[in-house]
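The first chain written gets the first letter, and so on, giving A, B, C, D and E; residue counts start at 1 in each chain.
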Amino acid sequence: MMMNRKELFGWGLGALVVAALAVLPLWLQSDYVLSLLISVLMYSVLATAWALFSGPTRYVSLATVAFFGLGAYTTAVLSESLPWPAVLGVALVLGAVLALLVGLATLRLSGVYFVIFSFGLAELTKQLVTWWEVNITKEIGRYVFVEITQQHIYWQLLALLALVLGLRALINRTRLGLALRVIGEDETVAVHVGINTTRAKVLLFALSAVFMTVTGAVMAPRWTYIDPSIAFAPVISFQTLIMALLGGAGALFGPLLGAVPLVLLFEYLSAHFPNHFSILLGLVFMVIVYLVPRGLASLVQRRRSTR
Amino acid sequence: MNFLDVLLAGATLGGLYGLVAMGLTLQYGVARIMNLSYGEFLIAPAFLAYVLVTGLGWSPLAVLLLALPLGFAVQWGVYQLLLTPLVRRTGAGPQLEVDSILATFGLLFVVQGVMLVIFGGNYHSYDYLSVPVNILGSTVAANRLLVLVAALVLGVGLYLLMTRTRMGTVVRAVAVAPRFAPLVGIQVRQTAALAFGLGGALVACSGVLVSMFLPFSAAMGTLFAMKALIVVIMGGVGNLMGCLVAGLLLGFAETLVASFVDPGLTLAVNYALFLVVLLVRPTGLFGRAAR
Amino acid sequence: MLEVRNVSVRYGQHEALHGVSLDVAPGEIVVMLGANGAGKSSFLKALGGMVKAEPGARATLGGADLMQLPAHRIVEAGLALVPEGRGVFGDLTVRENLQLGAHPARARAGEAQMRERVFQLFPKLAQRLNQAVRTMSGGEQQMVAVGRALMSQPEILLLDEPSLGLSPLMCKELFAALARIRSLGVGVLLVEQNARQSLAIADRGYLIETGRLVGAGSARDLQNDPAVRRAYLGAAAVH
Amino acid sequence: QEAPKSVRIGWAIAKTGPNAGGTATTVTPNYQMWVKEINDAGGLMLKAHGKRVPIEVVEYDDRSSSEEAVRATERLITQDKVDFVLPPWGTANNLAVGPTYEKHKYPLLAATSVTDKAPDLAKRWKHAFFFLGTGTQYAEALVGYLEEARKAGKIGDRIAMVNIADGFGVELSNAARKAAARHGFTLVYDKSYPIGTQDMTPILNEVKGKGADVFVAFSYPPDTVMITDQARVIGFNPKVMFTGVGTQFPMYKAKFGAAAEGIMGPGGVDFDSPAIKDYFARHKAFSGQEPDRFASTVQYAALQVLQQSIERVGKIDREAVTQEIRSGSFDTILGPLKLENQLFNNLWWVGQWQSGEFYAVAPSNKKGAKPAVLPKPAWK
Amino acid sequence: MSALLELKGVTRRFGGLVAVNGLSLSVQAGEVVGLLGPNGSGKTTAMNLVSGALPCNGGEIVFDGRRISGLASHQIARLGVARTFQLVRVLGGMSCLENVEAGLAFRPQGLHGRAARERAQQLLERVGLGTQAVLPAGELTYIDQKRLELARALALAPRLLLLDEWLAGLNPTELQQGIALIRSLSADGLTLLLVEHVMDAVHALCTRCVVMNAGTKIADGPTREVLSDPQVIRAYLGEDENDAQAEAAHA
């Protein structure tokens, strides 16, 4: 495939930014800023991975935390017995397998039915893990004591982000990207132009899920203690979705435009207005919805197109 | 444990699930607003009941009389003030789904935040009609029975209203094709606001009823909203009978599992049942085409 | 009497209709001819309240100015529209669609009678009362759309390509029915590509091109006008 | 060396989310009251500087999320540079922030976390202190008490037990299971139920049919209330009824009043102690609500430990303060308090509602313990 | 010579309604066959069965010697069967070019990138949309959307093209253009099965017609013969114009 100069420039710039971000913690002294960056990165990866599938196909998924939690649990169970890369590898495989199963099961669902199905699925996963821990292992919480520092987590998340963004950019250029957009517009048309919608959807769903799972695995060491309510907290799914939608799930950098400011906003509000956090957050949300109709990405695009 | 016990417990619990979901199915089914703040509007009337009952000595049934119109008015206002701009802007197209999710998500936080400021994060509970009622040798709490009765009456009544009357048909017409409804003289915005308000009245009603026997806190709204979503989708969007049937099914499943298998699996079985229903019927028990 | 003056419609930058004026009297069939994209549908939609006309437009019917009315009041004032693409309530049944057609207060009184008329016109509908309209064939849905509009007992009936998708037999029956509807004193404004058949039953006609009225006349004159024959009646008609 | 303008104390607790309920009952009022009392007295006495220095608070909302709790703690320590950090509510969150405290060598005074891992964790984390005991301690105390009752011929040897499928419930039921076996009791029912269960009737009906004299529920506040309520409705009245967190809450008292008579739960207070009476009065006056009768007193006592340690060291020297907490003896509302291996063991394990108050009944040999009412009287 | 498309006793039910009832027909390569019938007689359903949008309840469909009933739509499309829809379905949020590129990309030896763009432009020009290439498809008029749909179908380089009332709603001038376009497609060797109610078009295009009524085939043969079959006239075409008017006058 040929790349024109502009695209080459884009890739080059992207690589540069990633490199700059990668050396940041070496120079950065504050643990706190680092941990804030970790949060930013975590949601950036999750939202971008979410949009990888849901952006073009418009299937809104609330299953994010099912995969994220699966990853976290993989770490919790295996981190003492396997080397770290192997743990991530296992998480990746598990995520892919679960996603393939789910993807194949949900093919007939669309619209809000898919949304709530995916939510139910995450809750079911949580319930089953809970039951298993309570009745089989007889320990509900698990401790993760591994030698992974914050910096490692940061680098790993950054790598994931670079990967998922690069992958999304690549897919957009390929036939698969076109197929997904056609599916998003009209699935009947999609099959009649010869698109194997099942394969495209399941493939992308699995790809997106793999990123979520690995993110969960990478994040687990930050908490030491993991139980199903922590690892499978539905709020993670909702925040991911809100960030992607607010930023604009259709654009490559849309999810980032949602995730970065929102994580910072959460942080700012909970730090400065701990007792009125909810109210202010809600108001900010509503203001954004009313003033920025098509996601933050549209603002940037509009600016660009009027220039 | 005898079978009638299981049946009664399942029915009261299922009635609760169904009742809690009815308002949402109207709101989403007709006004096409995925109201994520739904649960907060269940908890707020519960607090109202708490204050009036423990503070002023009202009877919760009297609170109900106040909460119904109030719930209607509040949600009607929410639709008119907050949601119509979105409906206008998006022309009720697919973007409305996204915008309404975001806006009601914001509203959720605002309402919850206000309740937290006023009532704190504590659990609240009071005692009302917590007396045994004997039915063919099985006992059930009067307040829970009341919920079942309310669910049956409201569910069946509204279902008949929606399917057997002209007004019901009008409401459903707005639900299926808001763009074309004016062609037959239907005022879309008013009808949608009406349905939204009606949903508000229903959720207020369930909030007051729930406060009679479930301890609640300001943070608990989302739990109810999520449960309601499951029931709405399982029953088929916009279908009140679906709500009732799905609620009862979940209630029975939960009680059966708790009695005969393992109470630890109740919620797992509930979700599994929900997923299986969707896999077999992708638009819910009573649903028509997905949109 | 429907008197329309100076209707313009704009989609963003693009003005699709420029100051169109025309009249439809009770008991007459008026046909509107024009190439695709000429703005016929936009005109009907503006009258029916589905798109907003530019300021300055007027459309009086029985003393009311339709342009000042909110969309849902227009049908109450006596104007019914069968829009392009039918606009039926797909998830509702045939019965419910017809019932909704009679939703305006003006239509309540004679509802049962009107229903019988519609069934005479489209017997298929009587057989399929409980079928969801979404699951019907294209032509069947067209019948529902026309039937629903009739149910509101309009003074003026606007039809946007009602014969689209109807079989030749149904098409003939539809035009015959329109002739009968006219005899009830209803004014019919018809947008049709099937110029031959529509001019055959019409009283008058208008020609529209790129958003402007460019001609008008009695149906007979139009039928015989060579330019019209060439553009709208086609070579096939000249044998 | 110049005296600091203030002692900065930070906390990141759940003001929203699922943990907000527990936090609002047990944690927030105590933190706030403690600060207010100290500041009203002019501040903490720092001997090294020879003056009282007021407390300045930095507070965050962790939104009931471990990730937020960890980050907020990091922010308090590294950005706000607070002198001490007070932990969030609940076992899971205390464990989640543990490593951060340890890394920065800040003392962690965990007063709302119950875990059998506490002794191990205390070895791993030199700066962590566990005030609320281990699951085994509660279970042993309860079963030990039951054994006495059995010996006295008051109850049989059948126990029915349920627990919530969450940290607290699982820890305690695991411990109770072992304790029951050790003391020769039979568990005729032993099941867990998930968080969010909205009806306890099936479980209670089932348990009722098992003919157990003892019913133990390691439950959370909403289910504790539901279990009590529904047991009353179906007329299930075991000789011993023990319910979990929430039994000790003021809300429970308000709702059940006299009907609670004879119900047991973890915790309890010695109402004959003037210090406790005084604490209750102050708490009520300060926050408008009574404290809970389980972790609240311990929470407050832990704060007293911190206060006294700082004042004894006389300056902001965390290492010294930590050392003092580890080895000192303190005078608290619970009486003299001394930690052993970073653990506080001298707790009330079992309490019981008796004529409108939740008295401590076990350990029965501890000063201030009330004799338990057995069997539980009929429902009112 | 064997048929390119063959339906053998194909049946499709919706609940109690048998929409297509034991339908058998064949289309030879290069033919233009009209599928006619009253409204609701099952034509669109038959098209849906061929294109795989609906599964058959009975019978089998053979395309180019290969059984395609039971295959998924996308497989059938890739074998060389393209279609348009009675109610147009364009990808409203995408440009005309992208709509056609969607057709080009997923056929065997699909095109992507620059080659696809060029080919798409050619196809748009062929259906008369050359100047609207960059417009979002949702903004086209109904008729232009139909054209776009045809271009998208052609992009698949099909051997059999199914057109469902593609000529409906055209005025005579446009109709003539449309007929000419379809003729040229046929001349290029494309086989066509078209559902049409516009008799002028049927006369002009179809060498052979199949007429359905209530799900069954009632006539099959050369166009002129079929259209003068009394059964077809009674069910589908109606009596002569004057008779119809006379009837209306009576009523």
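Everything that follows uses one rule, which is that contacts are C-beta pairs under 8 Å (C-beta built on N, C-alpha and C of every residue); 3 or more make two chains touch, one makes a residue touch a chain.
Model, not experiment: these values are computed from the prediction.
Under the contact definition stated at the top, the chains bordering both chain B and chain E are A, C. A count of C-beta contacts for the chain pairs A-E and C-E puts C-E on top.
Rounded to whole angstrom, the centroid-to-centroid distance between chain C and chain E, based on C-alpha atoms, equals 27 Å. Averaged C-alpha coordinates put the centre of chain B at 43 Å from the centre of chain C.
Between the Cα centres of chain A and chain B there is a gap of 31 Å. Between chain A and chain D, the centres computed from C-alpha atoms are 37 Å apart. Multi-chain contact residues of chain A (touching two or more other chains) are listed as 127, 130-131, 134-135, 275, 277-278.
Looking at chain D, residues 15-18, 165, 192, 194 sit in touch with two or more other chains. Inter-chain contacts, as defined above, occur between A-B, A-D, A-E, B-C, B-D, C-E. If you check the complex, the residues on chain B that touch chain D are 1, 5-6, 9, 12-13, 16, 54, 112-113, 116, 120-127, 130-132, 139-141, 144, 213-219, 223, 254-255, 258-259, 262-264, 266-268. Touching chain B in their complex are the following residues of chain D: 14-18, 20-21, 23-25, 28, 64, 162, 165, 191-194, 196-199, 201-203, 205-206, 209, 221-222, 225-226, 229-230, 232-235, 246, 249, 251, 254-256, 289. Those residues of chain C whose C-beta lies close enough to touch chain E in the complex are 11, 33-37, 41, 84-85, 124, 135-140, 142-143, 161, 164-173, 176, 179-180, 193, 195, 230-237.
Against chain C, in their complex, chain E makes its touches with residues 14, 37-41, 43-44, 86-87, 139, 141-144, 165, 168-176, 197, 199-200, 204, 235-238, 241, 244-245, 247-248, 251. In the complex of the two chains, the chain B residues touching chain A come out as 28, 34, 82, 85-86, 89, 94-95, 97-99, 101-103, 105-114, 116-117, 222, 226, 229-230, 232-233, 237, 262, 264-265, 267-268, 271-272, 274-275, 278-279, 282-284, 287, 290-291.
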